[in-house]
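In the two complexes below, subunit A is the common chain; its partner is subunit B in one and subunit C in the other.
Showing the complex of A and B:
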């Protein structure tokens, strides 16, 4: 019945058309315009007939030591943040899924998910206060416990860690939720069989549970990579790229360049970041999908 | 009969109509106060220009840039723009379509109240890109009750200021415990933040340049400049007279520290006074010139720029827009500006309704010294300033053991970079 299939597809495309149009208009069009600006001279970037400079902006940013350091820092932070978030979320989800936690399950679920729905700016402002060197609760608690103070956001050596903890607080709940959904559909018979066969707890987790969590790991990994490669709000609210560039990630550096009218270089940085995000996310997806097959 | 009646009605309507109404649009970034002031000035302007109305639209500064540049470049420009000089520079360089206001100024009979400095910070690329309407003054403020508690007068010299800051920090003037209040409120996060602070201390001490002179020569290792730079850096490091998190502070955080009662000495802009008289600090502050660093140099209050009106060359009602721009320098508009925004440029205004502190700014008796705005003449300056800021932030994060050596090395580095930038950008 090819006629029916064509009609059915036609109806599908008719319904999809408005959303496709909106995606192209508000999603793809700005990206394409931004890429176009990256090939123009900043001073003429917003003029009707900009001066085209080819790859000059890309050459300039790759020759800029601040950008090089920023790119390396972004990649390092992404690796650390993705690893920390997924490890924490997996451990937390396993805890929630186990019989150990008992009646407190709802409280713990709420505790980890509430930060996800908290407005990010408000959350990061509170974290900034927690880390404050003169009145912050973090150092007050450390002092009470007789421990040395934490440099928090004021020290280049600790700012990235402080940011990572605050971001983990904000995002981990989402990853926990994905893991929990996957844990709910695990094949318990396999776990029980391995238990009967004498597998240890660690062996059961490694050889039985973890392979079944591959779909959740794939989704979380791709999402987290995109999330942390683009880290921006936490930086704007808490450190503004400082201290001494310790948290100056590519997205924030591009914003700074844009703010100082370096439109060509700013959009070149954004394009590089976009390409990296796309490449890394696709690679991660391919790797996890291949493992599944 | 019917046709006659219709003809009479049409004739009556035509006769009764006041002519085609004209609306001037002005885009500014002064917020609600700016809108209120411009609306009042527009209503006054309409008294002599029947049928003309003014539509002030306020944008947050970052949006103001994009919208203004986009509108001018796409032929949908507003009639007038109102903002700070350095912001209009960016619009002028991105569009090349900001009109020269020199002829408008020449057409104003009484513009003698504008000084040479005022006019210098209105020009860019050989054109007068704004008509200066509001002088931006920034003075040094100290909490009055704190001074009383530690038994000190308003600090006159930098040594006084350091001593008073130390007493504030040790004396617990708010009763919140030592270690909770600090000597100074500064900001450092963004390039303009830290350099702005350095500007205030440098110009306030009577020097005329912060990083480069008008020829583009780096000046930071000249003895007087080096001293101010070292002292400002030491305020963060060796002296520990600011909150430790200041390295991440921008304007918002600095204001929170000031208004939250966590600091004793701070910048007071003319636009802050009306608010701080009523709320926040609630009038508990005295203002004066910035601390004196050198016995043979006059310290001063700093003119941190000029806010003014610009007219795009492709403004829909350019002639009328020029007339309104000139009107903003007249006494009624200036009086309203002083009352609502807190600053003006005329000196013959009625100040009887102002608070004592507002009067200090309205009829300044203190020495005034203006920023040099190197970006007005050196296209590459913002990039040099950003690099300078990075060096200074590093010195704040990890204070150098040998400050003079750091200043000298930084100066050499800036010289090399300035040469490269000048060769690249001209």
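Showing the complex of A and C:
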């Protein structure tokens, strides 16, 4: 009975219908609208018949020195944040996985993971005040230790570092978890063989452990790159892009452009950032896939 | 293997313990700041033990961030619960269909489109999402917020991964016995999926409780603000109610922290699986 077979297949489309509806309504449609707006004049962008301006918005943003600086700053911050997060996470995961830690492993893991499930707004609000010059604990601690004060979020020279530390607090636990999951399935026989062969700790790490951690490094790299390219909440809560544009990353600058009704340029920036995220994610994926094969 | 020296063990414990304390310090400081007077804080910003604990800060935020604390709390609970329930149902059904018929062209396109839209820097979707909500007449209401929060990549990956490991014999046997696809799903597959449903529900609760930007964008007035949004509004207000801000941050933090600590294995296992195999 072909009719019955068709009905049997049709059920799957029924199952997928709500999921498809949400994906189209709140995923694909807004993205297409956003890209469409990036080719129109801001003043007419929200009207029924917007005026098409071709690539004028893209030309405008790439000629805008604030955007150029913002893009360079975003890339610099991404590289620094990814390196700091992965280095910290790898070191901490190796420490927790080592034979040196006998007890307390679960507590040490929970301590760094709790910030991951803490609402980011709440976490960054606390950090904003931790850096405060009069209420904050950071400078009080430095003073107690006899160290020079830290400008924190108030000084253009240190704001990016202050942001990076707060973001590491919020995100690193996730990367630790991924490394730990990978460390748990390492081939112990290889490690023991290297012991017998008389390899030093450093040699063992470099030639035995690290190659086996490739899957975790790949996953963390892709996630962290996407994460920090899109840094937004921390900026909104802690710095509003300041001081003196020191933390004005592309996502925040584009959002500011929205707020001042520069819809065309704002969506052009969004499209550029989207293209970078896609490019980074795809190339990281391809590199690691090739490495695995 | 050589036994590590006690000195090395002590050093390792000290480092891990020190890092853990640094990561936990903001929580202790938030709690103590919510309970201490301004004078006490300014004279000892590092002190954690309140000399005269006071609940004044909590009373001071009964109305904060343009709404009432009660309303923001109820909004948080209601929006998170509704969007979690919806996310579990919609994603489970969707991921099931996509894994059972992976070759169907429509499903391959849907999967690609979904993954693509999850990569978009969503803070930049603000205007288009606002426009879409406007066109659908969902601006300013709870429906739009709940629907928008019912779609996420982790949820999809976890379900997809589970359905991919279903033994085909189980489904074949049921088909031979004359079960319809709906019966197979609801009588056989979903009961087997109970653990993954629990994992996805817990993780979605944690993720959606923390959401703030879509809530802010879709809200027309502070009446639909959730706790994080009200906290952000309070933090941006002129004049400093430092203890009030800390009290509100505490109220925003405690529910997900409790859920996480009660279901830590499930949450950490689920987030690892969703990331590694996705």
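Simple rule for what comes next: the second predicted complex is superposed on the first by the 273 of 293 C-alpha atoms of A that agree within 3 Å, B and C clash if a C-alpha of one lies under 4 Å from a C-alpha of the other, contacts with A are read in each partner's own complex, and residues count from 1 in each chain.
Throughout what follows, contacts are C-beta pairs under 8 Å (C-beta built on N, C-alpha and C of every residue); 3 or more make two chains touch, one makes a residue touch a chain.
The structure displayed is predicted, hence computed values, not measured ones.
Superposition of the two structures on subunit A shows subunit C clashing with subunit B. Between subunit B and subunit C, it is C that contacts the larger number of residues in subunit A. Legend: residue contacts after superposition of the two complexes on their common chain; A:155 is shown touching subunit B, with no touch to subunit C. Legend: residue contacts after superposition of the two complexes on their common chain; A:41 is shown touching neither subunit B nor subunit C. In the superposed model, A:66 lies in contact with subunit B only, and not with subunit C.
Of the two partner chains placed by superposition, only subunit C is touched by A:99; subunit B is not.
By the document's definition of touching, neither partner reaches A:186: not subunit B, not subunit C.
Touch criterion not met for A:56: it reaches neither subunit B nor subunit C. By the touch criterion defined above, A:134 lies against subunit B and subunit C together after alignment on the C-alpha atoms of chain A. By the touch criterion defined above, A:19 reaches subunit C but does not reach subunit B. Aligning on the C-alpha atoms of chain A brings subunit B into conflict with subunit C at a single listed stretch, 255-263, out of 3-11, 201-209 or 255-263. Common to the subunit B and subunit C interfaces on subunit A are residues 46, 128, 134-135.
Those residues of subunit A that touch subunit B in the shared complex are 43-48, 66, 128, 131-135, 152-156, 238-246, 256, 259-261.
Contacts from subunit B toward subunit A in the complex involve residues 62, 65-66, 69-70, 73-74, 90, 93-95, 179-180, 182, 188-191, 243-245, 247-248, 250, 262, 382, 386, 390, 393-394, 396-398. Those residues of subunit C lying in contact with subunit A across their complex are 1-2, 4, 8-9, 11-13, 15-17, 19-21, 23-27, 29-30, 33, 41-42, 44-46, 89-91, 93-98, 100-101, 104, 106-107, 110, 113-114, 116-121, 123-129, 131-132, 136, 147-148, 150-151, 180-182, 185, 206, 209-210, 212-213, 227-229, 231-232, 235, 242, 245-246, 249, 252-253, 256-257, 260-261, 264, 267-268, 271-272, 275-276. Across the complex, subunit C is touched by residues 8-9, 11-13, 15-16, 18-20, 22-31, 33-34, 37, 46, 92, 95-96, 98-102, 104, 107-123, 125-130, 134-137, 139-141, 144, 169, 173-174, 177-178, 181, 192, 195, 215-216, 219, 223, 226, 229-230, 232-233, 236-237, 251, 254-255, 258, 263, 266-267, 269-270, 273-274, 277-278, 281 of subunit A.
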